[in-house]
Structure formats: C-alpha cells, structure tokens
Amino acid sequence: MRRCVQTFGPNIRLSFPAVCFVWQIAMIILFGVFVRYNPESDAHWPEYRRMKNFTDLENDFYFRYPSFQDVHVMIFVGFGFLMTFLKRYSFGAVGFNFLIAAFGIQWALLMQGWFHSLDYNDGKIKIGVENLINADFCVAGCLIAYGAVLGKVSPVQLLVLTLFGVTLFAVEEFIIISVLHAKDAGGSMVIHAFGGYYGLSISWVLYRPNLGKSKHMNGSVYHSDVFAMIGTLFLWMFWPSFNSAICNHGDGQHRAAINTYLSLASTVLTTYAISSLWEKTGKLDMVHIQNSTLAGGVAVGTAAEFMLMPYGSLIVGFFCGLISTLGYIYFTPFLEKHLKIQDTCGIHNLHALPGALGGVVGAITAAAASTTVYGEEGFRGIFDFNRVAPVQGGYQAAALCVAIVFGIGGGIFVGCILKLPIWGDVADENCFDDEFYWEVSPYIWPVLCRHIWHLSIKNDLNNVKNFNYNETNTEL
Amino acid sequence: MRRCVQTFGPNIRLSFPAVCFVWQIAMIILFGVFVRYNPESDAHWPEYRRMKNFTDLENDFYFRYPSFQDVHVMIFVGFGFLMTFLKRYSFGAVGFNFLIAAFGIQWALLMQGWFHSLDYNDGKIKIGVENLINADFCVAGCLIAYGAVLGKVSPVQLLVLTLFGVTLFAVEEFIIISVLHAKDAGGSMVIHAFGGYYGLSISWVLYRPNLGKSKHMNGSVYHSDVFAMIGTLFLWMFWPSFNSAICNHGDGQHRAAINTYLSLASTVLTTYAISSLWEKTGKLDMVHIQNSTLAGGVAVGTAAEFMLMPYGSLIVGFFCGLISTLGYIYFTPFLEKHLKIQDTCGIHNLHALPGALGGVVGAITAAAASTTVYGEEGFRGIFDFNRVAPVQGGYQAAALCVAIVFGIGGGIFVGCILKLPIWGDVADENCFDDEFYWEVSPYIWPVLCRHIWHLSIKNDLNNVKNFNYNETNTEL
Amino acid sequence: MRRCVQTFGPNIRLSFPAVCFVWQIAMIILFGVFVRYNPESDAHWPEYRRMKNFTDLENDFYFRYPSFQDVHVMIFVGFGFLMTFLKRYSFGAVGFNFLIAAFGIQWALLMQGWFHSLDYNDGKIKIGVENLINADFCVAGCLIAYGAVLGKVSPVQLLVLTLFGVTLFAVEEFIIISVLHAKDAGGSMVIHAFGGYYGLSISWVLYRPNLGKSKHMNGSVYHSDVFAMIGTLFLWMFWPSFNSAICNHGDGQHRAAINTYLSLASTVLTTYAISSLWEKTGKLDMVHIQNSTLAGGVAVGTAAEFMLMPYGSLIVGFFCGLISTLGYIYFTPFLEKHLKIQDTCGIHNLHALPGALGGVVGAITAAAASTTVYGEEGFRGIFDFNRVAPVQGGYQAAALCVAIVFGIGGGIFVGCILKLPIWGDVADENCFDDEFYWEVSPYIWPVLCRHIWHLSIKNDLNNVKNFNYNETNTEL
C-alpha cells in the first residue's frame, strides 16, 4: 500500500553519487601522495624503539587507543543517536551523521596533517593514533553544525558543509594551538564554540520562513526519545575520554578525566531541577534531559587538564546545566522568532554557549595558574610555552574570539554557497521527513487514520467528530 | 488531541528542584572543603613519579581507565536500559537511573573518601581513577534497589533512597573491607546482596495493596523488550571489567576477567534451558533472558580474583542461571503474594540471591585456598592479611551477614521515611506510567481504540463485540 | 485478546533444554579435565614476572584487554543488533545470537586450546586474554552463518550449527595458521570467508521452496531499522579493534587499527553512492547502509598488519563498498533465484565475498613485501616464517582456498544433518516470526486491522474497499 498523498521529492540521483565518488577518489590520490605511517605505526618500529630506548608498551597506541575508541563511539553512536529524536527522521539523523563523519575524517587527516604532522624531510604526513583522535574531533565540529540544520538540508549540502567545515576547522585550530599557543584539551573553543556558531550561521542564511508547514513532523514520539537517550548516554559516559584523549601522558589524562566526570555529574542535577521547575506540576522534559545534561562536558573542555580542582569542576557543571536548560526554554524560541535562526537540535544551548563559557573558564583558570599549585615542572608541562599566567589567560581569550569569528564568518560564507538552488534540498512542507532521501516502509498511520476518518464521515457519527486526522498524524 | 481521561498526578514542582539544588550546592561546598587530586592525578606527578621511579605508564590511570569506562557504561546504559522493558516507563527507567547515578557518585566520592582515601596530614580526600570506579560501584547498589521499586516511587523518593543508600553502603563497605578484611572484588556481597535486600525491604515497607489497578501498565511491548536487551547485553559484556576493575594489577585483573567471562557464558545456557522447559511448547521468556543471564556475573564477584579455576567458574554460572530463572518463575510471585514484597524487576533473583550465593562461593573458595595453588607470594598478594585460609573463610561468611543485615535494616529504616506522605508519589492506579513525571506525547493508542469502540457501539455490530478497549490498551 | 489465527508451532520443550543441559555439563567436565590459567593469569604471576623480568604492565592483559572488550561488544551487540532489522524477529536475532555466542565461546576455548595452547608438560590448556579474543573470533564465524539462515531454523539447529561450526573453524584455523603459516590478523579468510560460505552452503541444503509464504514477515519496519543501525555502528566503530586485537605488540596493533579505520571510512562513501545511484530519485536503501558499509573492515582483515599504506586501505575500502552494494542489488536475488540459496541477511555480500577479496589482497600484499618497506626486523616480526615474499603470497592464496573449501564442504555436511526432521524448525509460512520460539505480547496490528476490515464489510462502504488486510499486516 502506497502513501495516499503522492510526494514529489528532490532528485539527487546524479549529484549525490557523483560528489561521493569524486571526493573519495580525490582522497585516495591525496593519501597516495601525502600520507604515510608515523614511526610508531611503521614496521620499522623495532629499530625506532631500540633507538629511543622504548618498550613496546610505550608506543603511543597503548596510551591513547582506549580513549580513541570511546571518542569514536561518541562521534558515530553518540552524535548519531542523539539526533534520532525526531519521529520520522531517525534514518537521516543516524545515516547522514555516519556519512558526514566517514568523509570528514579522511579530509581532516589531510588538512590537520598538513598543519601539524608534516615531515619536512620528505613532505609526507605521518599518521598515528593521535591523528585519528584529532580527525574524529574535527568532524565533531561539523556534526554539531549538522544539529542546527537537521531535517532541512540534502545529503549533498551536508557533504559541502563538511568539506568547508573541516577546512575552516583546521585553519582555526592551527591559529589557536600553534600560533596563539592556547590550550584547549577538550576543544570547548576549537570544536564546540566553532562548530556551534558555524551551524547557527548556516541555519541563519538558510532561514525557511515557511518551516511551520512541517511543524507536525518536528517533534518526537515515545520510542524515538528512547533512541535519543542512547546517544545522550554514550556522549555523557565517554566525555571524560573525549576531554582527556590528547592530554599529556600521566597526570594530564588522569586529571582531565576526573574533572569531566565531576562536571557532568553536577550538570545532571541542575538540568533536572530547572526542567522540573519550569513545567506545570514539575514534569521533566526529555529535550532538556537529552541535551543539557551534556553541557558540563563541553564547558569543562578547555580547562580539563588544568588544576581546576574537583569543586571547580562541580561549579562549572552546576552553572552550565542551569544556563543550557534555560537556553532551551527561552533562548531557542527567541533565536527563531527574532534572529531568524532555526536550530533543530538546540545546538546553541548545548555547544555554542557552553563552548564559549568553557573558553572563558579556561582563560580564567590559566590566568590564575601558579607554580605553587602546579609545581615547577607541572606548570611547564601543561603550558608548554614561556609565558606568565595572566598573559596566557589573555591568549586563551583571544583564542575564543578566533573560534567564534571563524564559526560565524565561515558559516555565513558556506551558508551562501548552500543557498544556491542546485543541491536538491526539500520543500518547506517536506522537512524532517525521511521519505525524501530514504526508502522507507510506507507509513501505516496516516493510512489507517484516514480510513477511520472516511468511515466516520460516511456514517456521520456525531460522537467522533472530534477525531482529527491531522492532529493524529502528528502524534505517531 | 489530549488523553480523554483527565489525569491528576502529584505535583513535585517545588520539592524536586529544591532537593536537587540544595544537594548539589552541598556537594560543591563539601568538595571545596574536602576533595583534592591524589598524587597520580595532581600536576606534581612529574616530581612524584621521579621520586617513586615510575614511568608515565605506571600511573594507575593506564591500569584502570579502560575498566572504569566499561563500568561506567554498565551503570548508565546497562542498568538504565535493562529497566526500559515496561511499555510506558522507559523515560522513568533510563532518566531516573541517570539522575540517581549522577547524584550518587558525588556523594559516594565523599562518603567512601572519608573512610578510605582521607589523607590524615591535611584532612583532605585525595581522589584518582580508583575512587571513580568505587563511586560507580557504590551507586550500583542504589540502582539495584531502584529495580525493586521501579514505577512506584517519585524522583524525590529516589533521591532520598540514594542519599541513605550511599551512606549505608559506605559504612557497610568499611566494615567488610577494612574491619573484617574480607575480599570482595566484584562486590557480590558489598554491592549486590546489600543493594538487593535494601531494595526489597523498601518495597516491603512501601507495599501497595491495590497495585493491581496498574496491572495493565506492568508489562512490556515488543520494542521495549528490545530496548531492554541493550541494557542486558552491555551489562553482560562488561561484567568482566566490573569484577576485575579494582583487582590487583597483573594476574588479579587478568584472572577476574577470565572467571567472569566463563561464569556468564555458562549462565546463559542454563537460563535458556530452564526458561524453555517451564513454558508450554518450549517458548522462551524475555524476562528470563534479560535478567537471569546476568546472575553468573553477580555470583562470581567475590571469588573472581581467587583461583576459582575455569571449571569452577562454569559451575557457579551453571547453578546461578538455574536458580535465578526458577526464582523468576516461582519466587517472585511467592514474594508478592505471601511476603507482600512487590519486586518490579525481580532484583531478588538477579542481585539479592546470586549476591548471597556469591558470598558463600567466596567464603568456600577462600577457606580452601592454599599456598600450593596460589604460590607463597600470590597468596599474600590476594589475602593481604595474616590469616590461615579457613579463618579467612569465616570472615568472608561474616561479611555476607553484615551486607544482608545492612540491606534489610537500612531498607526498613529508609522505607519508613519514604512512607511519609510528603514525597509526591503516584496513586496505585497510576504506577508504571511516565505520564506523571514526564512530558510525553499523548498516547494515541487508547484514543484510537476508544474511537473504534464508539463506532462499534453506535453501529451495534455484533461481530465486533469481542473488541475490548481495556485489553487492547494493555497490549500496546 | 489472543491472535485470531491459531498458530501451531513446533514443540522444542524437551529437545532444546536437553541439548543445553547436556552440552553445558559436558563443557564443565572438559574444562575440569583440560583448562587452567596461563602464567599471566595464574596466581604464580609474581614469581613468573620476576623470572621473566617483566613489570605488571607487561602482562598481556594490558596489551589486549581493551581490544578484547571491543571485540566482545561486536560479537554480542554488533552481530546481535545488526540482525534485528526484521519487523518481527528481533527477539530471535538478538536472543539466539546471544545463545550461540555464549555456547560457542566455551567450545572454542577447548577446540582452539587443544590446537594452540596445550601445555605438553601436563596436558592442560592454559588460557589467557588472547584465548578469549580467539574464542570470540571463532564464534563470529558461526554468527555469520546464522545470518544466512536467520528466521528459518530452530534454536536446536543453531546449537548444532555452532557445535560443528566451531569444530570446523578450529581445524581450518590450525591448517591456515600453523600448517601453512599464513597470516590472517583480522580473519578475512579464517573467519569471514569460512563463516560466509559455511552459512550459504547450509542455507542451500535447507532450501525452502515455499518461503514466499512468509514474505510479508521478511522485511523491516521503521524502528527495527533503527535498532539494526546500533549493530552496524558498533561493528563499524570497533572493527579497528577486531583487526588489531591479536596483532603483534607495538606497531602491529597500531598499524592494523589505522588501516581498518581508513578502509571503513572509504567504504561508507562508495556504499552511499551506489545505493543512491541505483534507486529512483536517488533514495538510499537502509539494507545497504546497514551492511555494505562494513565490507571494508572485512576485506582489510588479512592485510591489516601489513604495510598496506593508508592509500592502499582506502582503495580496498573503495572497491569493497562498491562490490558489496552491487551484490545486494544483483547478486542476492540471483543467488536465491538461480542457485536456490536463500540468504536472509545477505552474508554473501558482507562476509563471504569481501572475505575472499581480503584473502586476495593479503596474498598480493604479502607477495609484494620487501625488507626495504618493512625493515629487516619488521619483516621477520610480521612474517614469522623463513620464506621469500612471493612464496608467502602463494601460501596466503592456498590458505584462502582452505577456508572456502572448509566453508562449503562443512556447510553441506552440517546442512544435511540439520535437514533431519527432528529439530523442531517452523513451517514455511511461519518463518521470520518470533511467535514460535518466544513469548510475545499478542500482535495488536492484525487484530485492529481485521476489526476495521469487518466494520467495512458490515457497512459495505465502497470507499474503503481498497483497504487490504494482508498488505497492511506486512507493513507493521
């Protein structure tokens, strides 16, 4: 049985495969020219190891691989399932997330490699497990941006968004890390603030005045909310690995994990409190629980490796849960109404704002750092550049500005490209619906309800007049 | 379209946020006064490391962090999703599990810290990754207790249950580990027996004679059972990490993982066998598969680090699967009918009884230990106290009694507190329904079915007389 | 309300529990006679460690346990959930997967132990974490075979399939690894080609000419496809751990993870491209996304540890995504129509063919190996047998033939056993339905639709004549 209302969607049968093929072939050629194994993953390791007087265990693989796998889960299951909350866009959420990430990590290995891992002896990028983690981080920025435009763009647009997003990210990261020598272990600024403002700016340029026509699809059903909790929990649980993955060996990774663990725990309590306080009879709202509980992990990112102290982490988490939840209640509607920014997943409250806050927390913590607290050697180990603490704090603040400027500027630029009418995006009334890019089993609900509706009309039953097809449709 | 039957639920709009805020602020203050990093997570690590002649890799982080992350997944996804099996309480299952755990780990870090990690030089608790694991273990006890009262209590009650549960746990653990010097690597006694009897006692005090009014909600639907399998499998897969997480470095962790792996594999076979044997035509029951397959992990906990031998682990798992499944078939109905204990998730069969069995297995294995089997050094390494083996066995048995006494006594005490009519719990007819604490999309099924029902009456169609609204409702 | 159509399923109430019990007791006895801890998991480790001059960290546990846990997740959640895509066979998918794996790992520890870990001094098998990984690998072969017969066999048949499958696997693996001295780190040949052809041959012997009667159950619904994506993503994310789990310490594990990561990323792009290119208006098909995206991990298995080079991995992934997706489009229907092989999950395209391809890639890469690329020491470390490279390539090709011969031969043999009419499998019209082996809540959809159908007849409403019970049934 086919859907009764014939649907005419966009045709991406040529453009989408063409882009996939061209870009993948380009990746193969560029990897062929540029990418090789680094000494720790090359078969010459036994000789290298002897030269450096390492044991096998001191291969960076054993320091970072468990964290890498956790980050990998966050990128693919975490971000993917977090966005499955829409009643009829779960395929798009998890499927396009998969596509963006798989393409983005290849391009990120190249872009980040040119900036950070180029061996000037032979002009090759030498990769190891840390590059894989950084590539995952880099696509995280694009996946955050996807959250703002979820359900409103075509897969071709998403690939373009990713290509430019990764490029911008790599430049921004180079400026922040290698030029300004700012520290950003968990990427509050580099990943979250950048990705958040990048997505919001794109969404602003792609504003759809008649998006209300898809309003009935822009919501969740019971089980789609449970699926989204899979994403939330894997993000929440593995965030300590995210923030500690590329920290210094030893105490750096250890402390970053503890700080993140504590900040996230604290955020949960304030999120639940605010969510309950703002609803009649104190009911909780799944949107807040799915998203705001994660804000503490974002905001503690920059300072994760610093001596933030356990109570400092709790304080950061406390305020982030509060601000993020209030953001969902007040700021997202405000953004849509007054600033014409339609933010499907509310990334402003989960990534942009907490990311910016994280930058500020990082700047303050860095400015307040002292050798008394860190020890002479610890201080040099963490702030690996010769500056006094307040100056470092200033550079941290400058880094945050760079991230936001790149996010907004890049977003507007890419948004304008995506506005061209060649990308096969859906009409305003067909947003948030998998039907247009996925083969889906026909949707039985409308059929069944329509059938009952006809029965009712035929029999002219007064007591069923209040049965409304459209409303029913929206609830299933 | 709104639900036809108006529902008047409890109002927790003030009490719940107030408790969250007050407790979180208390945590921040107490952490500020008491909690600091331990030498392995402090920035002075480079100096400490040189003093101890350690490499970076010998930071405890690299021994325990992968296991910690596995345990973390068990606590949040494992326990959370295991309880999503109810057709209309999945938000409560995974959401309140999240809340309890996030609050509990903070309080556990303090309580366990005072008992075990207090630095008497400066009066501070010094935390590292092992404390995080222990905090996760500690909330596991409370989450087990939640299983018994699932769907019948308010979130405020759950926070109270957790506050007292963690407190009792810390005292009980101190007596068992530090006073009696009993061994309990996987917490069969400390976590599972305690948590199980704590929850059952609370459920006994909170007995609801008219719970039958919610009978139609106390069951699963097809997809909620699949969600629950996510919880089951993550618990099952990561149980080797749970039992080995805080074992001795080297062979201790290695052996605990092997023993648990084998015990769990064995349990699966007997669970399937018994489940099939007790049903007409040999059909399997999802309740057994979701729960009893895990009993082997519980029962091997205490003895996991001992030289239980691979076949010993298989034997423990064999009997646990058998007893636990029979428990679901015979004992849970018996408990409800004759002892007035309503045990929603059957924690008696998954945690309380296998935990007690685990304590007995541990006592026997400890009593039978010899330096022939363990080696002189191995024996001293595992039983770090100067006792002959049979005496150690006796202390192990005493530890089990302490766990059960704390569980039952504490549960009755906390149950009485939770019986006060101030906590905003739902009426008997509204149990097992997310509607009262969560914003949920209206439930279309009853509406649709009721509509058809009216159609039928109106047309007086004899051939649809057997269409029954109430029964239908229960099946969706 | 009971299902209207009475169903008479097979009765496995005696045979199934009997097999479970007998086999589990046999396992306990055989483990009692044969299995002990190896020196790294035995309590004598402190003495062994001193003798070998190891630190605790050099216990193999710390090299392999994180990878082991990832593999474990792939086996239980990955394979289990990947098969939940059928609308009404999710219990069977995840539940029987669980059963097969839990039984199989025990038998695999014995079979593989006799071949590889037997201590000739005392006739005992000495197990450690590497044995656990290998046992998980071994059952992977049987789980792949399960994919071909999903929904068409009884649990008793599955246990028989597993018993023989593990036995054949262990022999085949012994020939390939220990006799031919071929290398197969990720098991492209040993696991995937063998498992794939084993399952296809069984399915060929068990051909059901009237399977069309269950056609309405052989498809997905919206949420079952989302559940399947959980399986897909956990397989995809953890495949680098799968291929690197038993590689050489140091650069071997490191390089295998990088190669797999890259190959999988590349596969995703071509899978999406082909899936879109072959559908009207470029829509994507969930079947391809769920399965073909994984083919790159299979095909890079044999060569994962070799110096395949990053671009080499991308090329392998590129062609695998392409071939696998085209396989789903053209080859699966061809197999069913012309070769009488009914392959429920399309394992031919995901495992058999990519596995064979992986063997070929491995043979070519091995034949092209040189000490210039690997270094003298690296070359000896990886190809631990004294052969020149082209000869090694020949042995690799021979190994692939062994795997395929064992798969096909073993499959036909086991298929004939499973064809005996004693195993309690369902009739052709009852395939792909959990109803016959699981207690399931009655299926409301047919009831409701039938009800409406009767209403329509009664009222003889012309405008609802097109409402068709059978079609509706298939869509829910």
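As written, the chain order gives the labels A, B and C, with residue 1 at the start of each chain.
Keep this in mind: a residue touches a chain if its C-beta (ideal position, glycine included) is under 8 Å from a C-beta of that chain, and two chains touch if they have at least 3 such contacts.
Which chain is which protein? Per UniProt: A, B, C = Ammonium transporter AmtB-like domain-containing protein.
Not measured: the values here are computed from a predicted model.
K.L.:
Expressed in steps between touching chains, what is the minimal separation of chain A and chain C?
P.N.:
Step count on the best path from chain A to chain C: 1.
K.L.:
Using only the C-alpha atoms, find the rotation that maps chain B onto chain C and quote its angle between 0 and 180 degrees, to the nearest 5.
P.N.:
The best-fit rotation has an angle of 120 degrees.
K.L.:
When chain A meets its copy chain B, do both sides use mostly the same residue numbers (more than half shared) or mostly different ones?
P.N.:
Different: fewer than half of the residue numbers at the chain A-chain B interface appear in both copies.
K.L.:
Centroid of chain A to centroid of chain B, CA atoms only: how many Å?
P.N.:
Computed from C-alpha means, the inter-chain centre distance equals 31 Å.
K.L.:
Considering chain A alone, which of its residues make contact with at least two other chains?
P.N.:
Those would be 57, 62, 66, 223, 230, 452, 455, 459.
K.L.:
Once bound in the complex, which stretches of chain B touch chain A?
P.N.:
These residues of chain B touch chain A: 1, 9-17, 20-21, 23-25, 27-29, 31-32, 35-37, 40-47, 49, 55-57, 59-62, 65-66, 69, 72-73, 76-77, 80-81, 84, 88, 90-91, 94-95, 98-99, 102-103, 105-106, 127-129, 132, 155, 223, 227, 230, 424, 436-442, 444, 447-448, 451-452, 454-455, 458-459.
K.L.:
Okay, in this complex, where on chain B does chain C touch?
P.N.:
Those in contact with chain C are residues 57-58, 62-63, 66-67, 70, 219-223, 225-226, 229-230, 233-234, 236-238, 240-241, 249-251, 253-255, 257-258, 261-262, 264-266, 268-270, 272-274, 276-277, 279-286, 289, 293, 307, 309-311, 314-315, 318, 373-375, 377-379, 381-382, 449, 452, 455-456, 459, 461, 463-464, 466-468, 471-472, 475-476.
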